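The two complexes that follow have subunit A in common; it is paired with subunit B in the first and with subunit C in the second.
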Partner chain A sequence: MSTTLKEPQNTPALPREIIRGSMSARKKARGNRGGRSLLAKGEPMLWLTGGGLVVAVVMIIALLTLVIIQGAVTFWPKPVVQFTLKDNTIYMGEVTRDDTYKPEPGVLNSLPADVQADIAANEGWAHRELVRTGNFDLTNTHFHWVEDFNSQGQTLPKWATVIERNSWGRFYGMPKSFLIDGKVVADTPQAAWAEYIKYHDEVRERWHERRGLEKHDIGRESRKVDHARLEMKSALLEHGKDSAEYREAQANYDAIEAQVNVAYARIREEINALNAENDRYQLVMETAQGQEKQLGLAEIVRAYPANQLGLGGKISLYLSRWWEFLSDEPREANSEGGVFPAIFGTVAMTLIMSVLVVPFGVLASLYLREYAKAGPMISAVRIAINNLAGVPSIVFGVFGLGFFCYVVGGTIDEVFFKASLPNPTFGTGGLLWAALTLALLTLPVVIVSTEEALAAVPGSMREGSYGCGASKWQTIRRIVLPRAMPGVMTGAILAMARGAGEVAPLMLVGAVKLAPELPIDGVYPFLHAQRSFMHLGFHVYDLGFQSQNAEAAKPMVFTTTLLLICIVAFLNLFAIWLRARLRRKFVSSQF
Partner chain B sequence: MGTNPVMDKSMTTTESDLNTAATTSVTQPDDRDQLTLEQIAACDNFKSEIHDSLYQETSIINVKDFNLWYGTKQALFNINMPIAEGQVTALVGPSGCGKSTLLRSVNRINDLIDGLHIGGDMLLNGTSIYDKSVDVIELRKRMGMVFQKPNPFPMSIFENVVYSLRIDGERNKGVLEEVCERSLRGAALWDEVKDRIHESALGLSGGQQQRLCIARAIAAEPEVLLMDEPCSALDPIATGKIEDLVEELRGEYTILMVTHNMQQASRASNYTAFMYLGRLVEYGPTRDIFTNPHLRPTEDYISGRFG
Partner chain C sequence: MSKFRSIVAAVCAVVLMAAPAFAQVSVDPNLPDYTPVSGVVGNIKSVGSDTMNNMMTLWAEGFKTMYPNVQVEIEGKGSSTAPPSLISATSNFGPMSRATKSKEDDAFEKRFGYKPTQLPTSIDMLAVYVNKDNPIEGLSFPQVDAIFSKSRKLGMASSIDKWGQAGLTGAWANAPISLYGRNSASGTYGYFKKHALGKGDYRDSVKEQPGSSAVVQGVASDKYGIGYSGIGYKTADVKAIALSKEEGGKLIPATPEYAYTGDYPLSRFLWLTVNYKPGSQLEPLRKEFIKYIFSKQGQMDVVKDGYYPITAQIAKKALASVNIHD
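And then the complex of A and B:
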């Protein structure tokens, strides 16, 4: 105290300059110190963190762009090009892609000298195009490579027509004539095309009608027989072979079978009538190579003269293909047609999974966070749950198959569906088991985010509630859970995104290449949780790696991926909207 | 500089007395006039200075030999304290002296803390609060509590006020509306919020939120109102309103209030208890505590010489 008081008296003795000099020196030293350390300014960390974000964003954008561009152009109609090769072979079709490659020495040596020189000038690289020539039933191949050096030239024939068929893939050719009842009614491309336009819609309508008869009416009749047979078998199992019940069931079965056979005959008659009417109309096509092919109009899904389409025609064709893709069933081993059953299966499975996993996860985390006393046991449980998220998903698939399908499902079959054994009802992969398996898989996500949300509820809220005389459960239900709801929704969003994109476990527990029936339909009991189903993720895998016509299926892989991403994004947006609505209720004011 | 001689004197006393305290830590210093904070801190069994006038009041709560430990750390030492019915009692003392702990022990909201255990007892109208047969939830319903920070629930103003009735399963709309209006009027908030009673309580200002919490606390018509620094998060105007409210509620409710604000204690309370390091040092009518305290540490604290 005394020294500080004395100091001011001493200062006048010191020359001003000395003080000022020492001050500025100190200032300089301080300034230099700051400038010497780059880290002190924080600049490198800014660049490092920002760079990390940029790398992540670029990768995501690149992937999305690839999927969106490749997926979106799939259905855009391309012109049909006719190539004439140097050996006068003619290929006609759509150019699907091109690349540059190095021809093998053997091929190279057989070429004329000037071509060899050209290729050599290009450092051995040559250019080629992949042409989708279709007509698999005539040529046994869908694609041809056309090398530039091998091609005389290309034209766009006016009447080159693309025909999408129910089977055998696409057909490329020129309309030649149109037959009704075997008689030629038109013999120029133009006239034949006009006839096609005139009759195609009604023929397709009859074709749909026929398919409806096959699917619904015959299905209904066969269900009647199946039901009666099962009843008969149940009676046999329950009452024995000589019982009155069994005999009665047997008589009932015979009666129903007789009825159904009559119905079958009637339906078959109707179908035959429709088929006969459709078979009257035939379109005769001529391929670029001059082969003729007669096509029944019922077989033609869609046909268009590709080189005559204007922009409007292309757009309407594009939209019509998208509509078919979204609303129809697949054909051609899934590489053509729609994916509606897969969309349906994916959404149904994801929603059932969410309905299963969210309550379970919330209950589990409520116990962990609100009721359990913190200790080594709870820590161990928490670590186990977190590690569950790291288990490979195929392991969950194996568990689901072994436990849900075989143990639980097998037991259900033993108890409730004894009559239909040895055919499994629940004892095999199905929608319910897939949803349960994925619920197990996504449980850690829900538990972790719910626990965090519960922990974030301020203690003052809980105390306020207890102070009002609320019990623990009342506090949780009225104060804690509503406050934690947005966090729970976040967990549900993450779980849905993870579940909808999962494929590996589904292959084991119920996703199939082609499901004959949807898991939810108009037949009692409406939700058939035991049925196997189609899934977009599995569909992508199937198209990309299991398809016989891989080259034709490739664009569909991208389109299906695009669709899956859109569906996941849509489900997420819905959940985010729900969360925002919940959150708005709890905006806290600052004071 | 005028305090220096006193400080010096007390310093010297400490030196010598600490030695005796160290050897016999539980003995009571005989010379009450010369008592120091260090002596109080060293004494596990400190006998509080309780003014005689308190014994003439009817007590609604009676704290008897109350001890409390957080794990192994003792937070309250042998508190004996009658709380007068229908009066406002203020608990004052430096931070960490156990005021809030004592207050929160009255409605057993401290039970939620792991590792907490107690000794002694508290009586509410002659019956034990800490008896095994006591239903804690019923007990808490008899005591309203207001916290340091306003903590309205994320619901409408109406739902906030009738919360304690809702959890009892009251569904009669007429009853709920009547209770809501009465409580809001009681908390002097009715005129400000009567037009937006079904809007979110989180849209109110801090002072309004605190009065809403008081309305919520008195909705169940408790016998005792516990207030844990109800004004510490509020500005002076809001604080004034809360103090006026306390003044109005006096008589109807027994109010036990923790405060850091000496002026507030002197303005709003009838009785004041001074606590230090888990001990109740002096307890008496507010006027006596502020003008004529029996113990020197109380005087030092009240006049702002420490703490």
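And then the complex of A and C:
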């Protein structure tokens, strides 16, 4: 694998010339040697090898195109269509996909004769559309199929509005009126919408302020209590129930709890004041079926009258959705909102893994190549390492869970975190264990490519260095390693690429469905290596196979995949850029 | 089932709540409102059922809005993973879509000296799904057994391999039935086996899926597919068929009212398993989380996830079983 990534100066420059090798020359040759066999002329092999390349390229392009197209259209706003069925049922929502199918005989026979004739004329095929109707709190479903033969027609209501909410998924309806303090201040769609525009930003600002209070201020206070409680428990475990230390810790705990309770009350008051202010503003919506629903403005993430949007409005909505996706936390069991914790977890885990794996891999291969004497032992080690690269990744996951989480982590908990048992601290999956497991998984990649790079350093350079009186380590440090650095970086890049895309072992050692707490934050000790984390690869799996609202989650699968591909590509590009920089540095310092 | 029936029978009068139309499932108004208290911190680690995965996430999200500094980690790989994690103390909540087996109880008791406590958190109907275009109305348990099981414990003479044998005509008569199911770690797998297959063995041709949603998506994209999964995962692309216990019995559709009366043959509780030492007090984190689940807000999350909420009476009993009385 590493040969494909070797720097251009090492690979012979010939093949391209041969391929180009001007067609006219070959045509001439064909004319001259008409008697030779087809195979001997080499043309079939050219076509075969070229064809192999073309197939590979086409597959890659097709995959990327599929992911990019499907992933990019997810956030583009669609019009809201209102269908009236023949039995006067009304569905309003966004058309998500359509389908041509053959209705079952039972269904067909129940239709009027003219419809039956229409379908028969179409060779039995009929058309239907899947409409995202939302309003789960009122109807208990998210989607409906609408068959063309069942529909009287469709319209685009001018005031059909899509509302993305904090909970319950999307809402489709028409603005009816706007209430402030329970009094109607606007009673036409237009006026209600104007009021919504006027107040929504400030309400959401208060909502964010409230969330900040909940997250940071309350968090700070609860940590104080938690700390005191753990101290009390440690004292109990260490000194027993009747000791002076325990009584002191208990008194301290009581004091802190009382103090914190006062703080809580104050923060709660602030939160309640913000909530009360926000609750004054209510938007009353009317669904297409005529049901009324009152929505608090604070609950509304985003709303837009879909059928009135111009191109500019659509683009700004599209970008704002992308921004939310990249920067926000997930909502609604991961089917809405953003994936920021997952992006963060993926990048943090990959970087920690690289930091762990590269030094170890380089040290191991230095010993193998520079110090060890060739012999059956070293061959056996080398074979074992090469085979390690072929072990299925889930095996590493099982090892990580059994060894890192349960044995190492369990021991750490017993020794250092006794007070919080039975709740595990390190004795369960977490960022550190995931990074270590992946480091093990990618270790062979680094060792093999580093060894190759070391072997490529000519022996004469080493001998020259020894001749000048340098010691073994000095030679390695000053002569061999700088020359081998690009190869080492290539190994690191490959390891990162493999590690960032790996999901199976992570499911065992720390990647979870929901962990909005970032593993690195502003709270001492800043890096919380024991925390579980979210991972984009696992997020894709979760959206695709675990989501309750599977239909709505499907487009998100593609979007998340697109994001994962971009992040892996970005990490690789960064490493390649680093390698190029290093190479320049060492080349210039060599002569 | 018997446990479910006995509890349900005791409260079904209250449950029916005289609601004429069940288009919208509603939460029992007698459930307590949850009010946050102080001093709740720590880690919620939940390992267990995949069926309840989303619900646990919703509860955790709701709980976190009140206690922002509680850390939440949720894993859902199957009910069978819940007891071992509780025993090894790698989790503090074990959502399960079935009751614990006596073997699991024993292993737990060996470690702690008492049995794990299970709280009924919500009601699920295990639905049998077919593709939306499938004209079939319903199936009896013996038929389901003959479709899914190779042992046919419920007494059908021959296995059902084609839709024609299940009563469909026309183009469907010769269409082979394609089977979707869950993996063996799943509580849904065990529950379905016990109640719909008479503890018989699954056929080898059942395509075992890693998640409930995967079963539904499999059936959605396979015209001749049939599979089983929790009602919360229903989409517009599949149809939940009616079931009857005996051959020729009354077909009961998978709608909420039949879940509450206990008539629907595959309705079950979704349990939350906790390590509770009888007679003791739970520490604040677990106590408050459990209180939250059995409050109006927590049961609203149940509705949000497509399952059915429990009644105030069941909630009270569940809370009492872990010594929460206020």
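Basically, the second predicted complex is superposed on the first by the 548 of 591 C-alpha atoms of A that agree within 3 Å, B and C clash if a C-alpha of one lies under 4 Å from a C-alpha of the other, contacts with A are read in each partner's own complex, and residues count from 1 in each chain.
As a working rule, a residue touches a chain if its C-beta (ideal position, glycine included) is under 8 Å from a C-beta of that chain, and two chains touch if they have at least 3 such contacts.
Predicted model only: the values in this text are computed from it and were never measured.
K.L.:
Touching A:Asp181, do we find subunit B (first), subunit C (second), both, or neither?
P.N.:
Neither partner.
K.L.:
Tell me the contact category for A:Leu514 with respect to subunit B and subunit C: first, second, both or neither.
P.N.:
Second partner only.
K.L.:
Would you mind checking which one, subunit B or subunit C, touches more residues on subunit A?
P.N.:
Per-residue touch count on subunit A favours C.
K.L.:
Scan A:Ser532 for contacts with subunit B and subunit C and give back first, second, both or neither.
P.N.:
The second partner, subunit C, only.
K.L.:
Taking the superposition on A as described, I'd like to know which of subunit B and subunit C A:Thr139 touches: first, second, both or neither.
P.N.:
After superposing on A, A:Thr139 lies in contact with subunit C but is clear of subunit B.
K.L.:
Can A:Tyr466 be said to touch subunit B (first), subunit C (second), both, or neither?
P.N.:
The answer is first: A:Tyr466 touches subunit B but not subunit C.
K.L.:
Taking the superposition on A as described, I'd like to know which of subunit B and subunit C A:Asp114 touches: first, second, both or neither.
P.N.:
So A:Asp114 meets neither subunit B nor subunit C here.
K.L.:
Hey, what residues of subunit A end up touching subunit B and subunit C alike?
P.N.:
In subunit A, no position sits in both the subunit B and subunit C interfaces.
K.L.:
In the complex formed with subunit A, which residues of subunit B make contact?
P.N.:
107, 109, 112, 114, 137-138, 140-141, 144-145, 147, 149-154, 163-164, 166-168, 200, 202-207, 209, 213, 216-217, 220, 233
K.L.:
Can you name the residues of subunit A that touch subunit C in the complex?
P.N.:
Residues 101, 103-107, 130, 136-145, 167-168, 211, 214-215, 218-219, 222-223, 225-226, 229, 257, 260-261, 264, 331-334, 405-406, 420-424, 427-428, 507, 512-517, 531-532, 544-551.
K.L.:
Which residues, counting only subunit C, touch subunit A once they are in their complex?
P.N.:
Within the complex, subunit C touches subunit A at residues 23-25, 38-43, 45, 50, 53-54, 57-58, 60-61, 64-69, 71-77, 88-92, 132-133, 135, 169-172, 209-214, 216-217, 220, 232-233, 235-237, 275, 304-306.
K.L.:
Going by the contact rule set out above, which residues of subunit A touch subunit B in the complex?
P.N.:
For this pair, the touching residues of subunit A are 373-374, 458, 460-471, 474, 478-479, 482-483, 585-589, 591.
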